[in-house]
């Protein structure tokens, strides 16, 4: 059994930052998945007089078009989660592949792939997204593509580091000597041990993805057909002084989601890295 | 005794003299002089020459630097500005203007009729969209028999001239600065020389434009202010915060949600007006692309009109500031506005009935499906797109809601202005869109271009619907030749009755704006571009 | 740090820049629509577009265009902005100082504050104060910068009346000299604070981790046993902890620019953020391209500087 699963199972549970992180992230996932149940209102539909404060019928108030803010946040969670998952899938696929190959092969290919990684790491994602959306038009698909194709370096590095250390281990070399093809060795022995570190990186990066999507929505480059937290924050801008709930709740939602993902990442890091475990305290 | 009374006589005489002597001359107006006014503008204008563009940003920032031949009063009627008097001859085919004497440019050179002729021929008629579109075809020539006289000769009587000679529609630039150069790239565009009440002092890109009092301004006693600073603050919310924090004194437009608050605050004054630097008397208008098979049927268009709750647009997007459009021509032009028209009222049942009759049946899904609609394959769902500036996204959302309720699926397509214009007017690649069509001070300027068949693209903001009606064309042509108000009014009424039946557009709401300023300042004229010509600010 | 390492590291900049230029080129040429319109704007006529095509060589084969584009970028010619009617390089250079001022101040503030807070937290590890500092720092990072900016504008500026909500100077005054500098600082305060708050988290956590690690080493135990003052011990630990902090600062250049853009929007700060917004609205692609190249270059340079600083500071690292 990979060491990290054992560690996870035997650690005494206490209210650590990691626990809070898990809770928040889980909340995000649940809200996103059950959006239709939690707020069975179409977030785009005008259901009440505009700019009504939080009340029993509309827990988080309504916006300037009379749309329910709670519905907007809950469905926005779904959009955010979708974006995060898609980007993570894309970035991880690329990152794991490249990192594994680089770490396993070493030598010239490693050098080349690392150069490529450095190159992509340099690209400022937000500005590239702005350029792409300005040229191609707004849409979640473009956003996912841009962010996915530029977020993999961190994953690749981590996977490569783990692969490098693991590839020299005896059991791997034994498997190799016994004739297992490289891919199988990688998949069965190397990657399961490399993945936890990758998950840490991915969860922290997820927070950044959400912030970027919100930032793009804030400057008006979001997808007009998808309710997203960035769109809500952009909309709320004009009404900051007269309808505080329009800005407060989306902003709080973003903050909690990003916080949760960061804490989750920290918690996982603490779990896996013995040094980190000693110095962590939350 | 005699001695005691003696001093009384001179005293009484003195009193009598003092009583009957003329009162000492007191200052005619006790308007405070001096001070700095800080104005918030939405965007960096790029340059300061309002004669080569109709961009609101440039006009807001730069109109105070110039004058037109005429100005406008609160009702929109013409006032003397650079021209002190005028006569209309030959039934409106000839206009003769007598220019003021002693007017100088900011660089000291004298203003003459040659400047006017040059501005129209070499600048306005080449680059100013509205002037070019309206006057361009009608003008025969401009003569300047002497330095103080300008004569406009038209091929036929031209009615609206007097309303399009202000600093917004026809600002006069200096011939000695622009002659022989390309007006679009002349460096004077950022270091302007005008005749206006304020001169440009500095222009820091992206930050602010500073204007200073013109001491040689030709209107005595004006302007009162020493300086005006145009601060570039793109975010409307920040503008309001800046006003409330005392950093800014004047806002061109207060966003809806803040209006009630500012109106109730004794520290500020507000005024509503339909005039805007980019164009006045604007109506948010939905266009139908009449080339599209689904929209060719007038019943479909009528159904859409019935499905839209225009009052909801007014309340939810404009927060009640404005009016539901009662006719195709803005109510601000009372003489041309057809008040008694009955445009389709909000009636979902009627909309559904009309769609059914037109062959769009409600079946399984959310969107209606075509059954026997000319030019549309049976089974096609009723889905249309809706193009708009990103700033008008709310209109798209309400369109989607209201039309979705009757089974029409709407896809919003936000497009930046520079992409919107060719997509709609050159390529005609749209089903519906929303445009803020500004009627201008006269229907000839901003209304004709929406309906006349000669105005169907590719120039932007013309006849988006692609509407063709010979009768309407003829009526517009006749109206532009008729100078008297009453017969002109009748012609415009006829036009409005016809288009209200044909429905090439749905006229949603009229959009005035609310200006706001600090109470210690006053004297603003929100109905014109020279809004601060007579403005003052008391020292706080 | 050897000269060989320095040279190698400098040479690595070349493929990075080349990659960025290639990426920009590919993006512009794979976008739908006519590149002449993207580069020249929508309001031209046929003659104008012919001029644009000739100037950018848009009718020549793609590889030739790429080479031409790369050479002009290297010469500093980033194209012409059709909205401003001036070279992109000029337009960007005009707005750059204001943004650099904002970013630099925020970076300085967050670095200093981050280190101080990190030390503070490390010395009270696992106690409530530690928890409070770490939570606050993390929250500062998790909150969207534009949200924080708006809250600050309303509570700290409008609420107290102590700070202005917009601009870089007071429009009613035309100060010079040190009074002008003070005016700028007064306007800089809130935007820089907001931007710094977002960056604080990482510096704080890294410093704390590094100090705690260093405090646990044998060297520290020995030093303590020998009677060295706690302050001296912490100071030594700090020196070792600063290494990763330095590395991270460089890598954050891209995120700092992003944060600056959003904060500038709220505070009407006349820098690159405002320029980017208006360029997006007008689809001024040359300016957006120029900004992308500029920020990428800044990130490359920042990475370079921090790598060199890291190699210089840490004698244990041998990067031959």
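Every chain is named by a letter (A, B and C) in the order it is written, and numbering of its residues begins at 1.
The rule is simple: contacts are C-beta pairs under 8 Å (C-beta built on N, C-alpha and C of every residue); 3 or more make two chains touch, one makes a residue touch a chain.
Keep in mind that this is a model prediction, so the values were computed, not measured.
**Student:** If you tally C-beta pairs in contact for every chain pair, which pair wins? Let me know.
**Tutor:** Chains joined by the most C-beta contact pairs: A-C.
**Student:** In terms of CA centroid distance, which chain is the most far removed from subunit C?
**Tutor:** Farthest chain from subunit C, going by C-alpha centroids: B.
**Student:** Roughly how far is subunit A from subunit C, going centre to centre by Cα mean, in whole Å?
**Tutor:** 22
**Student:** Any idea how many Å lie between the Cα centroids of subunit A and subunit B?
**Tutor:** Once rounded, the distance between the two centres reads 48 Å.
**Student:** Quick one: report the Å distance separating subunit B from subunit C, using the average Cα coordinate of each chain.
**Tutor:** 42
**Student:** Which positions in subunit C touch two or more other chains at once?
**Tutor:** If we look for residues of subunit C contacting two or more partner chains, we find 150, 154, 265, 277, 280, 283.
**Student:** Going by the contact rule already set, what residues in subunit A reach two or more other chains?
**Tutor:** Residues 220, 237, 240-241.
**Student:** Multi-chain contacts only, two chains or more: what residues does subunit B have there?
**Tutor:** Residues 235, 237, 241, 390 of subunit B each touch two or more of the other chains.
**Student:** Spell out the residues on subunit A that touch subunit B in their complex, using ranges where they run on.
**Tutor:** So the residues of subunit A in touch with subunit B come to 44-46, 50-51, 64-66, 138, 220, 224-225, 237-243.
**Student:** Provide the residue numbers of subunit C that touch subunit A in the complex, in ascending order.
**Tutor:** Its residues touching subunit A are 12, 15-16, 19-20, 23-24, 27-28, 31-33, 38, 125-126, 130-131, 134-135, 138-139, 141-147, 150, 154, 208-209, 212-213, 216, 254-255, 257-258, 261-262, 265, 276-277, 279-280, 283, 285, 288-289, 291-292, 295-296, 299-300, 303.
**Student:** Subunit A touches which residues of subunit B in the complex?
**Tutor:** Going through subunit B, the ones touching subunit A are 235-237, 240-241, 255-258, 261, 312, 315-317, 390, 393-394, 396-398, 400-401, 411-412, 414.
**Student:** Please give the residue numbers of subunit C that touch subunit B in the complex, ascending.
**Tutor:** 41-43, 83-85, 91, 94-95, 150, 153-154, 157-158, 161, 164-168, 170-172, 265-268, 270-271, 274-275, 277-278, 280-283
**Student:** Which residues, counting only subunit B, touch subunit C once they are in their complex?
**Tutor:** Residue positions touching the partner: 36, 38, 43-44, 46-47, 184-185, 204-208, 229, 231-235, 237-238, 241-242, 244-245, 247-248, 390, 416-419, 421-422.
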